[in-house]
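You will see subunit A twice below: alongside subunit B first, and alongside subunit C after that.
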Partner chain A sequence: MSTVITGLGVMAPNGLSSEDYWTATLNGDSGIAPIDRFDTSGYPVSLAGQVTGFEPEELVPDRLMPQTDRMTRMALAAADAALAAAGAGPGTLPEYDMGVATASTSGGLEFGQRELQKLWGKGWQHVSAYMSFAWYYAVNTGQISIKHGMRGPGGVVISEQAGGLDALAFARRQIRKGTPLMVTGGVDGSLCPYGLAIQIASGRLSTQDHPDLAYLPFDHRANGYLPGEGGAILVAEERESAQRRGAPAAGELAGYGAAFDPSPGSRGALVRAARAALADAGLAADGIDAVVADAAGQQDDDQAEADALSELFGPAGVPVCVPKTMTGRLLSGGAALDTATALLALRDQVLPPAINIHPELTDPRLDLVIGEPRETPVRAVLVLARGHGGFASAAVLTRP
Partner chain B sequence: MTRRAVITGMGVIAPGGTGTKPFWEMLTAGRTATRRITFFDPEPYRCKVAAECDFDPAAEGLSPRDIRRMDRVSQFAVVCTQEALADSGLVAGGDGAPGVAGAAALEGEAAERTGVAIGNAVGATMSLESEYVTVSDGGRDWLVDHRYAAPHLYEYFLPSSIAAEVATAAGAGGPASVVSTGCTSGIDAVAYACDLIREGSADIMITGGSDAPVSPITLACFDVIKATTPQADDPARACRPFDATRSGLVLGEGAAILVLEEYEHARRRGAHIYAEIPGFASRCNAFHMTGLKPDGREMAEAIGVALDEARLAPEQIGYVNAHGSGTKQNDRHETAAFKTALGSHAYQIPVSGIKSMVGHSLGAIGSIEIAACALALEHQVVPPTANLSEPDPECDLDYVPREAREARLDAVLTVGSGFGGFQSALVLADPELADQERSAA
Partner chain C sequence: MSEFTMDDLRRVMQEAAGENRHLEGDVLDQPFTELGYDSLALLEAAARVERSFGVQIGDDDIADVSTPRDFIQLVNDRLASASV
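Let's turn to the complex of A and B:
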């Protein structure tokens, strides 16, 4: 039994649909820009991957506006797009045959900050009646299931950036157990003052104020990452069920693996996760045509990922893509968006470039796709993701 | 060979006692641990009671740095993990000196074959709120001042820190995650762990749930939707599921961590097996983020699927641990679900709600209730529903009022309902029951 992806909904800093995102990404058009939602002059970080031009009033039902954070509105819009692409919705399959499993990290933090301000400034009576579920890690799964009448399994997994892949694996597990369709992926973000302050506290954000110099993974000048918002929602289906209803597949989730290692700078968990994903997909390392890297943007973590890739593929053994250089790191949305990237690369047989990093300044052990897209046969892509604290996950996407 | 998941170790921190033993003693005594809130002044709030844990992290062996780095929710989880690992016999310990720094951890291949799945609903909400108060200067500034933030604020921000701390403390190197489906998290995390064992991604899973939500913001969230009880006069009797005089839920806190193990793995090393988890399911009601339909249809569906997966008939279920949150909406919803899923046998099965004693600890309670179910199987005793003296005529099942009861138990069922519409059910059984079923089939 295999799991295919039949629908893709993207909400990215450099594109509000999967096609716009893909066009921008192949062009090297970045979504990194100065934060314009609040005054950042008091903060050492002023850049982020903001989703701009998103008009929730047009895409989200009025009824849901007062009860949702921006992050959930983006998730609802991405789910709509993914289901439309898959030609699926209420009634496509029996209600218990469709479920939802998303990754989460920040919940609706901007909503939460507003309500915390009301609580501490005015008193509990002023807190929104929607607060109990708007700043809530499970909110996107709940809202998507309600909007589309999906009564199958509901799931929410959290492992920071690795969560985007863990949600896909969760969805595949439900499909294998008998639920033919799962909406999955992750949309995340917390670009509000408290969210920025929290990420600054990690000590891992770049404080560069020029977009070209801020987030430079695998480059000797790496000095941290930039936060972003958005992600991708995917429709995952059991292959034969999708075929029966005539839904074309964009790719197969052929392999997955996860591991944990808290030692800073360790490649161990990444290597183990990738090996498990390869074994699960029944592929050797030479069966992988490209890698979408985690790309932490920290010297030690980049080194560890380069170590892992060298160990797995040999020196410069596989093309490595870093589309995150155009979006920043999207928490649980990041690996979901990287999965979308992998599926689009499989479709068009082209690998997207990284921007801003310089070939002569990057780790020579890596064959990074930089500056220009690279046309090449793409049959299988490995997506890597790490979550703060020691989480590592890997997924293999193949042509359908 | 079908891989099966069994419980071989447990650790519990619940209101009323730290450790599995005091927890079970309290439940079987029918004692309640709900009280007037002491963590902050509840006077301005609608609800003034909660089930708080008297938990001293230093006394439990956590070092000053552990205590600074971890929110209370992670501290609970790590301390419970030490108890559960020692109880399982997988690591040396259990001599009363656990704690993170010096505690025994898994090693070698066993470590890489051990994963972590922790249920949690609201993350490190206590720290996130107290840090917010500081950086916003008491809620005054929208543009908060990051320079006043605690160094570990980013760890507090990530609910996954709970799983990271547990995995680090245990030395586990397999797949790790937090499962966060609100108030069903504690069931769903254990189900997630079972799936990883069944599919072969791990031989051992450290799983369970932890939550520490007794904070102003959580109380406010429930107060504004009038889900919590407004009655403050008799805190010990504040939570009264299935009682006609019930007045709402009572927040709780705590954790339960289980060591789950592949059955043959556990048998080979001669481990004590509390119970097998042969079936589980979750369903969404796709109805409302906080509301429940009175027919309990989706919960009934989840129960039916869980029983089918366990290959058990309703007649084989000897006890149902109810969600029993103490709201009328819930009591009627799940009573209807039990009748739909279990048929006439619903009237024969003892059903009880331990939230009457330990409160509703959101993402932890599902696991605390699984621990209670495992102990019920172990001791052949059903814990009661405390505070039930005036049965709601609309809830006409046997809710085991006030006093624990001895019973012949081979298999038990536990259920949960969560914001977002989540409905989960999980079955625990004597592993020999499944062996007999299989040899009969």
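Let's turn to the complex of A and C:
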């Protein structure tokens, strides 16, 4: 039994659809800009990957507007796009044969912050009744499943930036247990004062105020990462069930592995996760044509990832892609977007570039794709993701 | 004294539930559940009425509300006793 991806929906700082995102990414068009959502004077961080041009009133039913955080609205729009691409919706399969498992980090943080402000500023009577769920981690899973009549297994996975891959694995487990279709992925966003403050407290954000100098993973000048909002929703299906209903497959989730090690600078977990994913896919390292890196943008974690890649593939043994230099790190949306990127690379046989990092200043052990896309045979892509606190996950995507 | 009307309910529901299309026409005696407004929408609407009309409407009282007529009646009862 194998799991294929039949639909993609993307909401990214450099594109509001998978095609727009891919075109922008291949072109090196960045979505990083000064935060204009609120006044950041007084905050050490002023840059982020913001999704611009998103008009929720046009894409989200008006009934859902009072009860949704911005990131849930983006998730709903992305889910609509993914399901449209997969040719699936309410009634495609029996309602208990379709489920939803997304990743989250902090739920509807902007919604929650606003209601907390009302609580303390105006009184409890002003708190929205929808606060009962709109902030909650599982809300994207809930709203997607309700909107599309998917009453099968539902879940949410919280492993920060690794969540996008972990949710995909959760979906695959449900598919193996008998649910033929699972909507998965992650769309995140906490570009509000509270959300920014939380990420700043980690001490791992870049305080540079020029977009060209801020998020520079694997570069000697690495000084932190930038936050972003968005992600991707994917439709995962059991291969034969997808074939029976004529759904086209964009790729296969051939392998997955996860490990956990909170020690700073540790590379053990990432190597274990990657080895497990390769073994699961039945591939040796030389069967991988590209890696989409986690790219923490901090010197110690970058070093640890470069160590891991060097151990797995040998020095400069595989092309390494960091499209998130154009979006920032999207928390639970990040690895989902990286998975979408891998699938697009498999479709078009081209690897996306990283921007801003300098070939002469990056770790010489890594064959980084920088500045220009690289056309090359792509049959299998390894996606790596680390979550704050020690999560490390890996997934292998192959051509359908 | 102020009175709470169907137009007021329509306005409040627009804010509370994001739309009031289903309150158009003669729907006074149709259950909110059939019109598509769930318990949270009613709680939210009640909270807004409390704030803008200065009355108290308990969650238990809202639980007994079934139709727009019930809602309007409840608010007007509260307004009447508040002005006594």
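Basically, the second predicted complex is superposed on the first by the 400 of 400 C-alpha atoms of A that agree within 3 Å, B and C clash if a C-alpha of one lies under 4 Å from a C-alpha of the other, contacts with A are read in each partner's own complex, and residues count from 1 in each chain.
One rule holds for everything that comes next: contacts are C-beta pairs under 8 Å (C-beta built on N, C-alpha and C of every residue); 3 or more make two chains touch, one makes a residue touch a chain.
Keep in mind that this is a model prediction, so the values were computed, not measured.
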Comparing subunit C with subunit B, which touches more residues belonging to subunit A? B
Have a look at where A:Q67 lands relative to subunit B and subunit C in the superposition and call it first, second, both or neither. both
Quick check on the superposed pair: does A:G155 touch subunit B, subunit C, both, or neither? Answer first, second, both or neither. first
Kindly classify A:L196 by the partners it touches after superposition: subunit B alone (first), subunit C alone (second), both, or neither? first
By the touch definition at the top of the document, which applies to A:Q113: first (subunit B), second (subunit C), both, or neither? first
Based on the superposed arrangement, let me know which partner A:I233 touches: subunit B (first), subunit C (second), both, or neither? neither
For A:A79, select first, second, both or neither according to whether it touches subunit B, subunit C, the two together, or no partner. neither
Mind sorting out which residues of subunit A both subunit B and subunit C touch, each in its own complex? 67, 125, 128-130, 132
Show me the residue ranges of subunit C that touch subunit A in the complex, using the header's touch definition. 15-19, 36, 40-41, 43-44, 47, 50-51
Using the touch definition from the top, list the residues of subunit B that touch subunit A in their complex. 44-46, 112, 115-116, 120-123, 129, 132-133, 135-136, 138-140, 142-146, 149-155, 157-161, 163-165, 167-168, 172-182, 185, 188, 192, 195, 199, 201, 216-217, 219-225, 227, 281-290, 298, 301, 418-422
Considering the complex alone, what residue numbers of subunit A touch subunit C? 61-67, 125-126, 128-130, 132
Quick one: in the complex, what on subunit A touches subunit B? 38-39, 42-44, 67, 95-96, 99-100, 104-107, 113, 115-121, 123-125, 127-133, 136-139, 141-143, 145-146, 148-160, 163, 166, 170, 173, 177, 193-194, 196-202, 204, 257-262, 268-269, 272, 276, 387-391, 393
